[in-house]
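The structures come next, written out as structure tokens.
Both complexes below contain chain A, partnered by chain B and then by chain C.
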Partner chain A sequence: MGLYIVRRVLAAIPVVLGVMVLSFAMLHLTPGDPAVVVAGADAPPEAVEAIRRQLGLTRPLPVQFLSYLGQAVSGNFGHSLVSRKPVSEEIRRLLGPTLQLVVAALGFAVAAALGLGVASAVWRGTLLDRLATAAGVLGLSLPIFWVGLMLIWWLAFQWALFPISGWGGPIWTARGFHYTILPALTLGATLIGPLARMTRATLLEVLRQEYIRTARAKGLAEPRVVYVHALGNAALPLITVIGLQFGYLLGGAVVTETIFGWPGMGRTAVLAILSRDFPIVQGIVVTVAVGFVAVNLVVDLLYAVFDPRIRY
Partner chain B sequence: MAPTPPNARRSRDEPGPVSMAGASRRLARKPLMLAMLVVLLGCAAATALAPHLAPYDPYRVDTARRLELPGREHWLGTDEFGRDVLSRLLHGGRVTLVVGLLATAIGLVVGVTVGVVAAYFRRLDNPIMRATDVFMAIPAVLLAIAVVAVLGPGLVQITVAVGVSSVPPFARLARSAVLSLREREFVEASRAAGASDLFIIRRDILPNVLPSVLVYASLHTARSLVSVSILSFLGLGVQPPVAEWGAMVSGARNYLRHAPLLATVPSMAIFVVVLCFNLLGDELRDVLDPRLRGVV
Partner chain C sequence: MGTLTHRSIRPRAWLLGAALLLVTAAVMPGASAQAPRAGGTLVIGSQFDVPTLDPHRTTAITVAGLSSLLFDTLLTPDYDLRTVGAGLARRWESSADGTTYTFHLRDDVTFHSGRRFTSTDVKWSFERILDPKTGSPHKWRLGDVAAIETPNETTVVLRLKGRHAELLVQLASPFVAIVDREAVEKHGPKFGSAGPAGTGPFTFQEWVLNDHMTFKRFSQYRWGPAFFMNRGPAHLDEVVFRIIPEYQTMLFEAERGGVHAFRGVRSADVERLRRARGLGVLEANPSQQTHYLGFKVTRPGVSDVNVRKAISAALNREALAKAVTHGLAGAAKGIFLPGVSDYWAGQESIFPKHDAVGARALLDAAGWKPGADGIRVKDGHRLRLTLLGMLGTVEEHEELHPLLQAQLKDVGVDIEVKLMAVPAFFATLGKQDYDLWTLATPYASVFELLRFWYSSKNIPSPNRTMWNDPRTDAELLAAQSAASAEARARALQDVQRIAAEHHLLVPLWHEVLRVPTRAEVKGFRPHGVYATGYYKFLDVWLER
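The block that comes next holds the complex of A and B.
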């Protein structure tokens, strides 16, 4: 197991290095002079020259790459071209809100999907099951921005229950929690469909197993059979689906943060592109990719935790 | 889940080349799939014929009639500049659908080529797959955003952006399909008969990879359409005043409080098309290749 973890972590390193190469190439693959691209086509020559010096573009390309790589490995992506602050400092500031949004959305989605999926599996073939299945398929295809806008219109404008947008602080404060609800609902809603579908399918599969019959035969209460014996064994496929969907979740976070004026990495990446703040875009792309790789790694490792039969 | 009939089990355990024959027979038994096809073709026809069908010029501004509700003159109302929403919806659909389909096509052609090359020429396998690992490590929307960051916002740029982010999944799918095919007897027979690599790929491999690729292409088109509309919604895709579904929602955002319908109309258009491609993919999988259940 320990060896397996080490091997998996080592295997992730080339991927992360590759992402760094890609993010370096991003700037240099641009048609034309990168400095002009960053400064804007109509920038005065002095500004272009200043940016060229600031980005170190006067040095030979391999030197630039090695210095970029060396800096990036230690988490240094240079300075924002707009705020002039170090990119690492900006990202540290953005990390908390994004994590809060993603974790809250994930929590909401898992809770809702478990409820829906268990109900569908237990009352299989009933109207409720069919409605839940249909809702899952429909929900999967709803544009996330519309879900967010309608939640704002309905719960923030019509009912004035929640703030329209903004960041209210960490989720454990009352204000922060209040501000997190609508964005988390928006982002989580996209995940409920696939998760509920998977819960239902695996639970039905598990409920046919013999150890479930044994559990029932020895007189355990049905809720205990479903929630402890069956659901515990259905956890593995669910974790897989969460891992697979995590990329879409991060993509959805970009939209959700933009709609709700959430001060996280997604919204900042969009703003940075519009203001041509390349170092920020690079830093965010690398940070998100590292996070994504880490989540997939954790998902793989959780396999061993949830299924003791798996040994590496 | 119903007990598996014995013949279904056999066909799953016995991976054979999947024939397209019989697909049309199974299609006739799939009313949902036919309905999806009809809706999609209807959408395609309506947007293709937009210049003839649209009741108004989608760019004609009429400031006296801003944000009107649906009525006799404007069936779906007017937007923040008094432009006819129905006309913009029809014209906008052309952009969304063409960009979404084109991006999937880029992903399909490049991805399948890369995947086949990786699986067939084993020496290239490792480097190619490690490269797709890197691309897959960046979430699709973020990868598309990074490409837009390089190329700048615009129609061609988002097509390329979404296309690039579509390559890795197609490459992986094609690679795994080819890996199992290339050891099969009919491929070996071709090789023994002296067929060239190119001939084997064209005649033996590609036709057998096609069903799973088509299934995935339908599911992936749904994702491409979502990515395209998201990029436009974020202001990174099509630039105003060009009509495009995601961009229309973006414009309607500022008038949400009093005109929620304005954001809803193009959103529902996206919803219908995405839903059709998702369901079509699910059904296609059953028709073309039942073994793919749970794989794609």
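The block that comes next holds the complex of A and C.
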């Protein structure tokens, strides 16, 4: 297994490098000059040029990229053009809130999807099944920004049950938990549909297996048959989907964090793109890419845990 | 009984004064009869973070307001934006030839660090602005400086190579602030991101990028401008700027009290917010900023003054302004707010009234004949123009462009609208890839904008019209070196006449800076200086 992990990590290097090249190129090729953002729209060209020099942006692009790459290898992603703090320091600050949001959203989505999926499979064809399907499709079809704003309007603004926006602290504190609920619901809502459908389909297939009939024939209680014998074996494809969705959630966090004023990587990425704070955007893109690769690796390793037949 | 004696006048005058005071207190926005209460944190919402807190290195509007909290200026702009009053300088005089200004400084001022403020600090800050290495876009505000002398600790003598009629107005600009030399030297190029410090009413506490910024009351502060009731220290303990990028979320927060005030309210929401419980919409009066449509006169098509005039006449500016501001504003008659110093009212009759028939006739005469699809053609070229607009910052412009497009199509002008986020917008302007653009720029004086827009020295930015005219340059120079207010006004009025007659810009509507503000915020009056709204916050306090 150790060798397998090493192989996967090595294989991830070209992926991350590719992401770095692409993000660097895209940022520098889109119109918008960080020096103009700092100096202001009405600054004369010579003032902009002086600021550009101060920010180290006068060197040719390939030189800038090579120097960026060289520093990145040693974990130095440069400094923010605005705060002038090391990018790694800024990312460390942003990582916690984003992970908190994504994990909470995933937790909520998985719990809701398992409940709905199992209910749909067990009571297949009933009104409940159809309602669960409809709810899932609805969650998937509604855009995140709309869901977020509606939840804020309804639960936070009209009913004042939750704070409207902002960060309340880590989720294990009461305040932090309170602040996390609405953003997590918003981000998780889109996942429930596909996960519930997947759970339903996989579970239905498993429930038709011989060993389930055997379990029932043994006289096992139905909940034990479904939750222990069936769901355990249905977990494998679900884990794959959840793993893939993790990356999707990181993308969705951009919108959710922006709407909820959540101090994570998503909102910062949007604002940093607008202020052309290139090092911050690159740092975030690389962090997300590494996170995505890491989660996929963890998912692959989890297969072995859930299916003893798989060995690396 | 019939004759009023000196004695009998007194109580009446006193009563009249008291009545006037009461009326003023009742009608002044944010004014309150209650005694100010010290303490509390004022939370200001903002959709975007600032690029720096170094006022010398940026022209960003948002920085001007924050700069006024941290730093002071030699002179200060009154709410009327006409009167320049004392700041760090108690008084000042100029030589008869207008090239030497002597400023007598306060002797009771200290920096946030506790160090005493003296004339050498003024000299150092001004020299920093003038140093090309700083890259300050504000050099011109100081004029052509020959020498800065400090005969003693409380006197600064500014010697200019020529007259600079604008000097006093520009010394009141929040960008020409006195920064703490020691803080700049300590933080080097990071100053502004780290450790911005001056003599202002608030000290810098924390800046978490794209999240929030905290300022704390400077308790030694006693030298605020005379137009504030409270000269210092500030009533508020803290001011926090919270970044909330989503506009709708900002509205919810303002209505629920999560933020006390924010800038950038869209016209469409003003009426609703005025009626919202616990909220009011305060206005900066005057606000010196006008929305306009600009022509890049070096481009084919719009290089012809008749085409520009036709486009101007084809626009129903009154309807456009009413539609996009939801009835809050009508068409601007001139490119500046009527009533500002040096304004030339003659331009109002030059900017054409809506006349589609006249516009078509002008285009016909200019050789642009309607093609098969109605779009005009000349020498095989279609009259297709690129209009650059900003996306995501000025909602009114986003509503404006399709209307403007439709009105111009009606006379056979095809407009391709390119909307882009702010950095891309200015980058594309910088690349010269446009025929028309829409924008609004705040100003301290008529001279400031005329110089920005039309001085050939400012081509390509901020002179985006590319107007290159020796007479305009000469008049701008004459205005700068004018010996009298009349001579200066004459020169500036001539530039306004030239610009209007050549139809370089089309005035659309005057911006009124509106700041939705919670009812518990007292003593707040948005300041129009550089359209910031926020200025030192000395009178502001929070009701429990």
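The rule we apply is simple: the second predicted complex is superposed on the first by the 268 of 312 C-alpha atoms of A that agree within 3 Å, B and C clash if a C-alpha of one lies under 4 Å from a C-alpha of the other, contacts with A are read in each partner's own complex, and residues count from 1 in each chain.
Note that contacts are C-beta pairs under 8 Å (C-beta built on N, C-alpha and C of every residue); 3 or more make two chains touch, one makes a residue touch a chain.
As the structure is a prediction and not an experimental result, all values here were calculated from the model.
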Which of chain B and chain C A:33 touches, first, second, both or neither: second
Partner chain(s) touched by A:144 [first = chain B, second = chain C, both, neither]: first
Chain B versus chain C as contact partner of A:153, first or second or both or neither: both
Touched partner set for A:83, first chain B, second chain C, both or neither: second
Which of chain B and chain C A:211 touches, first, second, both or neither: neither
Chain B versus chain C as contact partner of A:227, first or second or both or neither: neither
Which of chain B and chain C A:123 touches, first, second, both or neither: neither
Partner chain in contact with A:258 - chain B first, chain C second, else both or neither: both
Which of chain B and chain C A:19 touches, first, second, both or neither: first
Residues of chain A that lie at the interface with chain B and also at the interface with chain C: 30, 149, 152-153, 157, 258-259, 270, 272, 274
Residues of chain A that touch chain C when the two form their complex: 30-34, 36-51, 53-54, 80, 82-85, 90, 93, 149, 152-153, 156-157, 160, 163-166, 258-261, 263, 267-268, 270-272, 274-276, 280
Contacting residues of chain C [partner chain A, same complex]: 48-49, 51-52, 57-60, 63, 132-137, 139, 189-190, 193-194, 207-211, 242-246, 248-249, 252-253, 255-256, 258, 392, 420-424, 426-428, 430-431, 441, 452, 458, 460-462
Interface residues, chain B side, partner chain A - complex: 1, 130-131, 133-135, 137-142, 145-146, 148-151, 153, 222, 226-227, 229-230, 233-236, 246, 249, 253, 256-257, 260, 263-264, 267-268, 270-271, 274-275, 278-279
Complex contacts: residues of chain A adjacent to chain B: 14-16, 18-19, 21-23, 26-27, 29-30, 137-138, 140-146, 149-150, 152-153, 157, 201, 204-205, 208, 246-248, 250-252, 254-255, 258-259, 269-270, 272-274, 278, 281, 284-285, 288-289, 292-293
